[in-house]
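Look for chain A in each of the two complexes below; its partner is chain B in the first and chain C in the second.
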Partner chain A sequence: MDNLRRRKAVNLAAMTLASLCAAVGLVLLFIILWDVLAQGLSSLKPRLFTQDPAPPHIPDAGGLKSAFLGQGLLTLVASLIGVPLGVLGGTFLAEYGRHLRVCRLISTLSDMAVSIPSIVIGTFAYAILVLPMRRFNGWAGAVALAIIILPIIVRTTEEMMAMVPWTLREAAFALGAPYHKVITGIVWRASMSGIFTGILLAIARVAGETAPLLFTSFNSNFFQLDMSRAVPSLTVSIYQYAASPYESWVGLAWAAAFVVTVLVLLLNIAGRIIIKFKKKN
Partner chain B sequence: MEDLLSVINLDFFYGDNHALKDVTLPIRKNKITSLIGPSGCGKTTLLRCFNRMHDLYPNNRYGGEILMGGKNILGDQVDVISLRNSMGMVFQKPTPFPMSIFDNVAYGLRLKSVRNMSVLREKVEKALRQAAVWEEVKDRLNQNAQGLSGGQQQRLVIARTLAVEPQVILFDESTSALDPISSKKIEELMVELKEEVTIIAVTHNMQQAARISDYTALMYIGSLVEFDETATIFTKPKHKMTEEYVTGRFG
Partner chain C sequence: MIAGRTKNQAFKYITGVASASVLLIVLAMLVTLIIESLPALRHFGLVKFLTTADWNNSTETFGALRPLFGTFLSTLLALIVAVPVAIGMAIFLTELCPNKLRTAIGTALELLAAIPSIIYGMWGLFVLAPFLETYFQPLVANSLGNLPIIGSFFQARMAGGVNLFTASMILSVMIIPFISSIAREAMAQVPPMLKESSYGLGATRWETLSHVVIPYTKMALAGGIILAMGRALGETMAVTYVIGNRHAGLESIFSPYTTITSVMANEFNEAAGLQLSSLFSLALILFLANFLALSVAKRLLGGKK
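Take a look at the complex of A and B:
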């Protein structure tokens, strides 16, 4: 009986501790969200999306239109590089290379690459793409972001494809299908929603990144989307505005932070909804 | 009695594991041949030699021959894709592809570059009728095949196999995951189908082998113990082991 009471007490203690930790995490998260919401909403004005930066002393002027476009452009180019590479790489790991030891190593390394600090990747892009060109440029920023999403997409693609039962592939082989048709017609189709979710979450991961852009595409106060030069960046603008002494700029930074948070949140929610929808079927 | 296939001194290795040992048996045309035996005896391994499924995995090796029309289908120069077109396979669990019922049945035809929609429709309907599932699915050909019941899925898979007009269909315990009524339907279907195709069926179900097959082969630890007409195997087998197995005293 004593033993039973002890087990119940330990159980209660463990549950209390876990619940407390969860509560602390949640409270912090909601404080951040509340702060961004309250501060951001009050400075959110249409000109944020319609105007370009103005000097801080001009009242009711200045926005971050080009920064939104620039950030979107960088994310788009990064996705165009990272998504095909990631999906095809993950496909190789799950299919053609599944028996190769080097592929298991690549999987493990990809898992590690997911947690490399993004500033390190920014430094790497700086060394290979900024130094030789002798100026900040959009390509370097897009490549840095692509390097961040690549391992995430590689691993989700691999895992989603590995979840497709082998007998499904064998059934297609048994009908005389060559391997590439089994992959494109059967395995991709069966794992499509999972792969798509992985892509969405990966893009959400980089859409709000600042560190990899600081040394690469940096920022520009002008409306310019030439990828061979510094490209306006929303997150770098937030970083600079938030650190400025001008109240109007700090307000803009809050509003922009609010918009980025909402966008990233929406991408994540879209990803979760797809996962849930898939599980129901 | 015409032999469609002759298995001659067949050996098979999974790496160092000698899984089939010197198996010799005939497969009679338009008959059902059952492969029975305890788990791990090599019956599924033998079945998967006929459509060279083992080629998908590394370190697998065949020895001996399986002759079809005088040609060894295990030879290096054999085109595995066209071999598999003439050897359909139905698995233990139904394997509907994640696409519509129509596209499932048309899958093999499209692989063979049949593009004409009216030809496809005609062949899909014929195959679904042959597989005795047409009446149940004809109004929902565009719905996802994974929404069908297990028994319907299995008959759909049989239709998909029939659509490419194979000479042989290999059944790998194809009724063991189904309820009794669905599995009875599949059994009846197999008996009907032998008019047009030759059937090789792996089964754990002794009564099923007795009911539907014309010939039965008993295997044990990679070797063929006995092959004969089903009636002989179940009533007066030559080997004591066969008698013990079919009466349920071992296995």
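Take a look at the complex of A and C:
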């Protein structure tokens, strides 16, 4: 009986420890979220979106308008490159190339490419675009972000299309539709919500990226949307402002961090809702 | 009919080229990194580059030893803290947590994993670093710091809370949700029959966990931990904020130090010549280490499915 009591005590101790771990982890993560929300909201002012950077000693001036626009432009260009390439690439892996060995290799490689450190991708963009052009430029930043997006979208597209039942395709073939029509008219349509979610999540992933921009598109304090030169960036601004000794700049960094966090979370939640909605129907 | 066939062929080629782009980009990345690192590797020699501690701009000597050691040590410390917490969390979620709360917490964890690393970095700099400096460092310095021989490794010498230990803690906070969601998924896949037979023999919950669930999921757990390690190795912004980026010997875990990613983030945009090439060599090392970790993790994770 003593043995049983000991075993029960061990069990209780282990379970308490597990619960404690969960509590500590969750509390910590919520503290982070809370700090970002509280600090961000208290420094969030309309001028963040309407003004350009000002010297730190001028009270109540300065914002990150052009940084928002610049980050938006970089993300947009990256999406314009990465999304079509990714969707088409994923389509080949799931359809024409589904039995090819090289396609299994590409699929595995994409899985791994998702986890390449983003700063390494930045160094690649630097080598192929910044070094030849001899200056920081927006194209390099956008290409770096596109390379991050690409494998994510390739993999989600492939998975979503592979989930479409094969009988659906056969029904279309039986009506005499050529393969490309079956893909665009049937398979894409059936897997649209999944692919769209993948795109949203991929964009959410790069919207807050900093490391690959540090030495590609860099940053600019001016309203400047010429992609062949350094483009203002929100995340790089956050990095520089947060590390500055000026209180007003640190406040701006918190406010911008708040906006980025909310944006990324909203994109993620939107993706989840789309998937849930699809499952219900 | 013929128009349809050529259109189909065209579509096939377009999608084929698009999927080949992934392969081409990864290969191009590898080749570019090798070409750009060659000047430094030729100048210093691979072995000497890996074993030189100096990173000095004025004498043009660059060695990877300190950044490598910093990356290794911060990742190791982060895993030591994160793995037990994350697995404890997964146990709580699969075994103890009420069903309704489970999905809510699971979703929250996944959302937290999506927050950009720069946000974690900022939080680390403004909240965690001062907190650790005022409360945790004195505690460790007054206990472990008094040990003979290794004691000085736990003494705080520099103010600011910006040091290797803080960087490891931020890393562990970032990988906890990641490891726990992989662990949770793996544990949820243990056949109920196995667990029930164990309960039927009179085993307690903990005995079932330690003798049935964990042995059954050990491959997936190891895979998840290695995936998390790969993440921690390449994490840049969060580490760069709080590591201090100091090219000097590491006297204590509370000293500012340097990692592969923090050197790159700090120096890449102003580097040229040999320094730039050395930075590219660091990027190449990181790229290869990450690929190695991922292929091991994939094998472990794939083995179970």
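For the reader, a short list of remarks on this structure follows.
Keep this in mind: the second predicted complex is superposed on the first by the 256 of 281 C-alpha atoms of A that agree within 3 Å, B and C clash if a C-alpha of one lies under 4 Å from a C-alpha of the other, contacts with A are read in each partner's own complex, and residues count from 1 in each chain.
The criterion applied here is as follows: contacts are C-beta pairs under 8 Å (C-beta built on N, C-alpha and C of every residue); 3 or more make two chains touch, one makes a residue touch a chain.
What you see is a predicted model, and the numbers here were worked out from it, not measured in a lab.
Aligning the two structures on chain A places chain B and chain C side by side, free of any clash. Of the two partner chains, chain C is the only one touched by A:Thr123; chain B is not. In the superposed model, A:Pro232 makes contact with neither chain B nor chain C. By the document's definition of touching, of the two partners only chain B reaches A:His99; chain C does not. With both structures placed on the common chain, the touch criterion links A:Leu168 to chain B but leaves chain C unconnected. With both structures placed on the common chain, the touch criterion links A:Arg189 to chain B but leaves chain C unconnected.
Of the two partner chains placed by the overlay, only chain C lies in contact with A:Ala204; chain B stays clear of it.
Contact with neither chain B nor chain C is seen for A:Gly82 once the two complexes are overlaid on the shared chain.
With both structures placed on the common chain, the touch criterion links A:Pro178 to chain B and to chain C. Chain centres taken from Cα atoms put the angle at chain A, between chain B and chain C, at 110 degrees to the nearest 10.
Minimum C-alpha separation, chain B to chain C, in the superposed model: 8 Å. Contacts of chain A with chain B, set against its contacts with chain C after fitting on chain A, overlap at residues 178, 181. Against chain B, the residues of chain A that register as touching in their complex are 99, 165, 167-168, 170-178, 181, 185-186, 189-190, 281. Contact residues on chain A toward chain C in their complex (touch as defined above): 7-8, 10-11, 14-15, 17-22, 24-26, 28-29, 31-33, 35-36, 39, 84-86, 88-93, 95-97, 102-103, 105-106, 108-113, 115-124, 126-128, 136, 147, 150-151, 154, 178-181, 183-184, 201, 204-205, 207-211, 214-215, 218, 235, 238-239, 242-243, 250, 253-254, 257, 260-261, 264-265, 268-269, 272. Listed in rising order, the residues of chain B touching chain A in the complex are 51, 53, 56, 58, 81-82, 84-85, 87-89, 91-93, 95, 97-99, 107-108, 111-112, 146, 157, 160-161, 164.
Residue ranges on chain C touching chain A, taken from their complex, read 4-5, 7-8, 10-12, 14-16, 18-23, 25-26, 28-29, 32-33, 35-36, 84-89, 91-93, 95-97, 105, 107-112, 114-123, 125-127, 173, 176-177, 180, 204-207, 209-210, 227, 230-231, 233-237, 241, 261, 264-265, 268-269, 279-280, 283, 286-287, 290-291, 294-295, 298.
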